[in-house]
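The structure follows.
Order of writing sets the chain letters: A, B, C, D, E, F, G and H. Residues in each chain are counted from 1.
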Amino acid sequence: MTKPEQTRILETFARLDHERAHRTGIPEAVFAEGKTAPQIAALLYALAEKVGYALATRVQPMTAAQVVDELPKIFNTSYNQPGRTLVTSRPDYEPKSTGGKIAILAAGTSDIPVAEEAKVAAEVMGCEVLTFYDVGVAGIHRLVQPVEDILKQDVAAVVVVAGMEGALPSVVRGIVPVPVIGVPTSIGYGYGGKGEAALMSMLQSCAPGMTVVNIDNGFGAGTTAALIANRVVQAIAGKR
Amino acid sequence: MTKPEQTRILETFARLDHERAHRTGIPEAVFAEGKTAPQIAALLYALAEKVGYALATRVQPMTAAQVVDELPKIFNTSYNQPGRTLVTSRPDYEPKSTGGKIAILAAGTSDIPVAEEAKVAAEVMGCEVLTFYDVGVAGIHRLVQPVEDILKQDVAAVVVVAGMEGALPSVVRGIVPVPVIGVPTSIGYGYGGKGEAALMSMLQSCAPGMTVVNIDNGFGAGTTAALIANRVVQAIAGKR
Amino acid sequence: MTKPEQTRILETFARLDHERAHRTGIPEAVFAEGKTAPQIAALLYALAEKVGYALATRVQPMTAAQVVDELPKIFNTSYNQPGRTLVTSRPDYEPKSTGGKIAILAAGTSDIPVAEEAKVAAEVMGCEVLTFYDVGVAGIHRLVQPVEDILKQDVAAVVVVAGMEGALPSVVRGIVPVPVIGVPTSIGYGYGGKGEAALMSMLQSCAPGMTVVNIDNGFGAGTTAALIANRVVQAIAGKR
Amino acid sequence: MTKPEQTRILETFARLDHERAHRTGIPEAVFAEGKTAPQIAALLYALAEKVGYALATRVQPMTAAQVVDELPKIFNTSYNQPGRTLVTSRPDYEPKSTGGKIAILAAGTSDIPVAEEAKVAAEVMGCEVLTFYDVGVAGIHRLVQPVEDILKQDVAAVVVVAGMEGALPSVVRGIVPVPVIGVPTSIGYGYGGKGEAALMSMLQSCAPGMTVVNIDNGFGAGTTAALIANRVVQAIAGKR
Amino acid sequence: MTKPEQTRILETFARLDHERAHRTGIPEAVFAEGKTAPQIAALLYALAEKVGYALATRVQPMTAAQVVDELPKIFNTSYNQPGRTLVTSRPDYEPKSTGGKIAILAAGTSDIPVAEEAKVAAEVMGCEVLTFYDVGVAGIHRLVQPVEDILKQDVAAVVVVAGMEGALPSVVRGIVPVPVIGVPTSIGYGYGGKGEAALMSMLQSCAPGMTVVNIDNGFGAGTTAALIANRVVQAIAGKR
Amino acid sequence: MTKPEQTRILETFARLDHERAHRTGIPEAVFAEGKTAPQIAALLYALAEKVGYALATRVQPMTAAQVVDELPKIFNTSYNQPGRTLVTSRPDYEPKSTGGKIAILAAGTSDIPVAEEAKVAAEVMGCEVLTFYDVGVAGIHRLVQPVEDILKQDVAAVVVVAGMEGALPSVVRGIVPVPVIGVPTSIGYGYGGKGEAALMSMLQSCAPGMTVVNIDNGFGAGTTAALIANRVVQAIAGKR
Amino acid sequence: MTKPEQTRILETFARLDHERAHRTGIPEAVFAEGKTAPQIAALLYALAEKVGYALATRVQPMTAAQVVDELPKIFNTSYNQPGRTLVTSRPDYEPKSTGGKIAILAAGTSDIPVAEEAKVAAEVMGCEVLTFYDVGVAGIHRLVQPVEDILKQDVAAVVVVAGMEGALPSVVRGIVPVPVIGVPTSIGYGYGGKGEAALMSMLQSCAPGMTVVNIDNGFGAGTTAALIANRVVQAIAGKR
Amino acid sequence: MTKPEQTRILETFARLDHERAHRTGIPEAVFAEGKTAPQIAALLYALAEKVGYALATRVQPMTAAQVVDELPKIFNTSYNQPGRTLVTSRPDYEPKSTGGKIAILAAGTSDIPVAEEAKVAAEVMGCEVLTFYDVGVAGIHRLVQPVEDILKQDVAAVVVVAGMEGALPSVVRGIVPVPVIGVPTSIGYGYGGKGEAALMSMLQSCAPGMTVVNIDNGFGAGTTAALIANRVVQAIAGKR
């Protein structure tokens, strides 16, 4: 894709908001669902040019291959298959680590894609991310190690991803003194099986200090956790 | 209420099924909601005469007082206020203990009424009932004692009553080798707050070995648990 | 699949809980939906090595063929096509019959897959299973034989599988003195046709002594029934 | 209420359709919910003057007393308390029996009000009505007598009223060669307890030859059954 | 398919109820959704042998071709493509006309498949069927001719099929003195677009004398209408 | 209420937006539900002082009496009881007629309150309002006169208020060349009876040129119709 | 397609209503979903012959190509791919501009198809249409230019298309003195993600002067806006 | 209430978890709904004795007066009427300010009770709280001042409370670089009017960096915001 092609595609359908990271602390990302590979590529290209890097979410493997083809070869581009995220950056772009730190837990193996989306989103914002997968409530002993690490490493926020009955975030929130962001997933079956059971459970949970995002919204959870972590780091820096 | 009055009231609206205990293992009970005190009294009177005793559920305190007044003074009648149950028996009736044993757990203090309804129903069926209240998942350490007792006393089935996010039955089921009957309650607020969240969670739960009854159905859970416990006892008796 | 391959696959996404049968009375099973054939094979392999045997549910025919290919040839592996279950065991594993006995009824021919899932699950737990299919309420005379058998054979629990209006479990429960576990299926159409009508009916049913599992959850119903049956047998053994 | 008062009240809010019985075979009735006693009285007065008689449904006892007071004393007025219906007629009006015959069954004692509304509506249309109450599926043996009567008396249509899981109409339809009209009632609790479970079950029912009306719509069911019965009678008369 | 093949297939999954027509006035039909062509053929074969003819509904075109292949060539078999129904009969079977007469209206062109299913079902039961399609409420003048025909031909019942907002049955019911059976269809879009809007409208309709069946249930509506029409005819015959 | 009292009350909870009429063409109104009489009075007082007049909706009769008491006696205040609206104006305020003209139809007598709310709102905006009540689809002949008047008087928009199955707006829209605004009301019962059936029907309606507002939102419909009518008048004025 | 072919196809399934434009101000359009290419072509052909032109909505690209093939080559036919609309006209047909003017805003790039459907519908009715796409609330500064244009160009109505949380119409309505028609789209995910969130938001919106159509109903919104705009123009013409 | 009385009441129904503040960063609070005044008093008494202070939420005014009567007179007790919260503390307890700072915005005057609950909860946790009420999106200019204050005062988190269409949190999140916690309220009417519209909108919102709590859950939002604010302060302290 040449620069003029990119411009032409963009003009037909979109208005970029590359000031968003500055204004809100979270960069604009490309939601790939329902977009063609050239559209995704054009948006990533334009954003990366302005901001240095760009992230697309919900990119199917086959689309990802096409997008990679369309992007300039000198860009650094990587695709996270389970998380279906695609990150690209200008050759001169140096990713900055903010020093912020978060943790992400996933209840079942089917919840990993959403957790990985959250992870990539937080990393793009400069945070370090600890991950603990397959630690659902059916075997609560598996939570011991993650909780110890969360406490020791002093993470600023914890993202907990769970489908089915969605009980994990409440349990985690009950044992760590850190804000928890629950992400219900569309993993389940029968009554409440498209994520409603998990969403409802998390909203009903008796554990204050926990908030939620919509079903499967790994990006929203990861960026919010990173926003909190980055604020903690900035506050320290500001006061030093 | 005289015998003829009782007969006359009954004839206008109901057909008793006093063979039900024999046929299904669980006696017919009077669901008091939407019935007048004389109707409830007439039904209890007729059932107690045939079977020896009778149980009414969902009896509001004021109605209960009226029903007690209507029943023959020589009957033994007692009202469980939190559980809103009313039990009456003929003077010559000897309650039989079957030797069956079950446990009932309630997650929050607001779940106690439903738990008590389950307890009375199981006791009427001759079972011994262990109760553990206010043991919700927010403070999981509070579960230690109940679980030890359940294991030590070798109960045949456990009823777990929970509203809000309804996570307790799954957690309990994950640590005891006994069938668990979950009872969602209509305790909650906002999205899913009339018991749907709890019901959905229990149905979605990844813990096999757990089944559920409808929201607030303490009677159904208590009688099913007692049915299981009584079968265990009968089996032993039959093989001895 | 070689042992090292199996280990490598497992490490990337799952933590086995092979103590579960001991702790809860029901062995861990592999829920195949959303997993690849190598993942399913790796999990079955590892579980069978530890426990002697392993069960996977919701395995599509084509996936099943692949999984069978991946498993060691010396394992005994069998696939139940209507029930979509796959069972494998170490060559030295001797299946143990516990002596527990249950019955499974299916209302319509479309409900058979869920019933078969329940059957395999209960058999894996060592129970004997009586099945009666296509005995829906539209022709109630077809229930006579099954009920007689249930009473004569003294089964410990009955699983009743039904879609559409889901009336069969209530009717069965009204005529046998045994706990009934209702399994609503996603068979139906129009309003309430994805299993909600059947689920609601079973939860509303006026028949105490009946509990339910989620829509299409044959595994949950079969294991719970087997858990009850096995407890009855253990109780007898313990008292002898 | 004098004639001028009646006229004045009517003019402020309603337009009567006293030709409806002629056009559609079912007379206009007054749905009393949300209307004041004077409004109900004025409507009944005007309809009875034109047509000879008039029916109001959903009249609360206290309102009924007021309406009776407002109507001319020479009118014949009667109130059916369980059914909450009020019928009035001009002194010169002779109710005509059409010879049509229907049956009404109610599953539980709480379903009787809806059944009585259906009964009065069908009687107002000149039909003979057989009623059988408290014959729910929990004790199916109670259905034997009603079914025999239905077959012997050759009724033209059967109305079956049921709340909770709403299984009775399907069962009845499966054993009588007569169209069945199911009326779900708002009797129930928890999930599906406002009549949705009963409505869904009836719509899902595998029994062709059964149709339904909305929850608690006794009037709609009674009038439809009477319309069918009257058509049968007219057809016979026409061919004689 | 040979006779032994047919028997073998049937034995594995189904129990026929060929007495149903006698008991309930409506013959058993084969609901083809979810069944294989050999299963459908075996069921049709067996039913036609016993009863003379047999009907299958919801048969996709490609499945229909396979079923026709499997059935004995000497049977008379015909497939109604829009209605997706398949009727077969023994060579010696003489279809009997009962003399019953019904009408079927469809609101839009997309509602025709459901209307055709109703039509075939009623014809199989021996009724004459008048059809009027594309007569929706958006152009009410198109109703004039159908209504005149309905009145002149003295049909016993009218089936009205409508999707979207489902207003047609109420309008029709308001102008003909005949029972109306409303069939909501799954034609629509957005909020309420899977037939819920049409179903709700019909249930809420202020027009008494109208009942409904579930979404897309042409078979249920057609057979009920035919049951009414046949009863009218029988009544006349009985009295002559 | 003195001026200082009014100010003090306002300061504690509200920020007026008295420029709204200028900016959007519709004045700010006070939604009284959930507000105390002094709060409503203070808001009306402040708005009337700035703008000349003010309107409150959903004012219960008893609250209305209190509000009237609190308002300055020299204000002109009137309460529309069926519509539960309260209008007040400064003594020097001259209501201006814009010349805009709309029509409002109500299907049933129970829909009149919502229709009256719409009427008052449109009148406050200076429009002339034609009303036609109790003209539901059950007696379509009652529509003839209203439609003639609508066409003759050349109204700019029509508001159609209907509960139950909500069919009236579609029917009206099909016969007048004027934009129709449908207002579903919460009049109904059973499935869809809180206004969902009416709302769904209107949204599904096949009649383009019709839009809707939320259930019972007479104010929204009346002001939108008046906005359209006033624009037509302004356009004429602007071009003259 | 020859004329006789067209006639034959039409006769089998549809009745045209080519007087609709005259009666209601909006021409009949062909809703292509669920229709075959020959059916669509036949309908367009017949309508264009009578009225001069014809519009089909929801035409998939591949179907569109087939329809174009079937239509007479001398007709002027054009397909709008994003909007999936197809317009055809007789060679002698002169499109008339009414002078009416509306604006259409789309919140996100995924909402453009629905916006384009609205645009084509309004243009077919002779209106001029201003479009502003990708102006969602996340970057409210992007609204400045559109609002200025709307005010300056004096449009008669504004269509605002938005999915996800659907907030744009309310915001727009709060700053322009013009009626706003909100169109929720089925763009979204998780809870409320099929357009329910957007629809609910728009119905709940506190902004009077806004009405809505069903999810994805661009045609309904575009035609209603054009109807308003054309009325304004006619009013001016009438008064000149 | 004497100490022994308090102990006796507590023993009958509750198990306190006074370690919760230490373990999770948020103290246990008493949810008063469904509890009697003596129960609330006993819980507050016990908690305040252990921890120094205690908070009850959802305390109705009349209950509050009774609770105040029951608590020791030497305790400092205050009731926030709009927020329905009750705070009590031991005479020797010194409230500690942590230095954390948050902001709370409420869209409408009816949302203030929920906002006040959030405020009291955050203050109890030692935070300073800026409040801005009645700043809904209908008059977006009213947001200018709050946003400036939020930026200048460098708050750590913002709670935004909104009912109806719930758009405010997204708008706020789009203009401040701070995590936003949305609280939907049950303020609304018609479709989605019990808070579902607001909840759905917030979950669908395109603004990352925003999370939500359940409908009306002011306590959950206030404590989460305070938890974040306190972590920021602790982080600074820890690094100094």
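Everything below uses one rule, namely that a contact is a pair of C-beta atoms (placed from the backbone, for glycine too) under 8 Å apart; a residue touches a chain by one contact, two chains touch by 3 or more.
It should be emphasised that the depicted structure is a prediction, and the values quoted were computed from it without experimental measurement.
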item	value
Contact distance in steps, from chain C to chain H	2
Chains in simultaneous contact with chain A and chain E	C, G
Rounded Å distance between chain A and chain F, as computed from the means of their C-alpha atoms	46
Geometric centre distance via CA averages, chain E-chain D, whole Å	28
Separation of chain D from chain H, taking each centre as the mean of its C-alpha atoms, in whole Å	53
Junction residues of chain E - those touching two or more other chains	138-139, 174, 189-191, 193, 196, 199, 203-204, 207, 214
Pairs of chains found to touch, sorted by chain label	A-B, A-C, A-G, A-H, B-C, B-D, B-H, C-D, C-E, D-E, D-F, E-F, E-G, F-G, F-H, G-H
Residues of chain C touching chain B in the complex	22-26, 29, 156, 173-179, 181, 199, 203-204, 207-214, 219-221, 223-224, 227-228, 231-233, 235-236, 239-240
Footprint of chain A on chain B - complex, ascending	108, 136-140, 164-167, 170-171, 174-175, 188-193, 196-207
Touching residues on chain C, where the partner in the complex is chain E	109-110, 112, 133-135, 138-139, 142, 187, 189-191, 193
Chain C residues touching chain A - in the complex, by the definition given at the top	13-15, 17, 20, 33-35, 39, 184, 186, 195-196, 199, 214-217
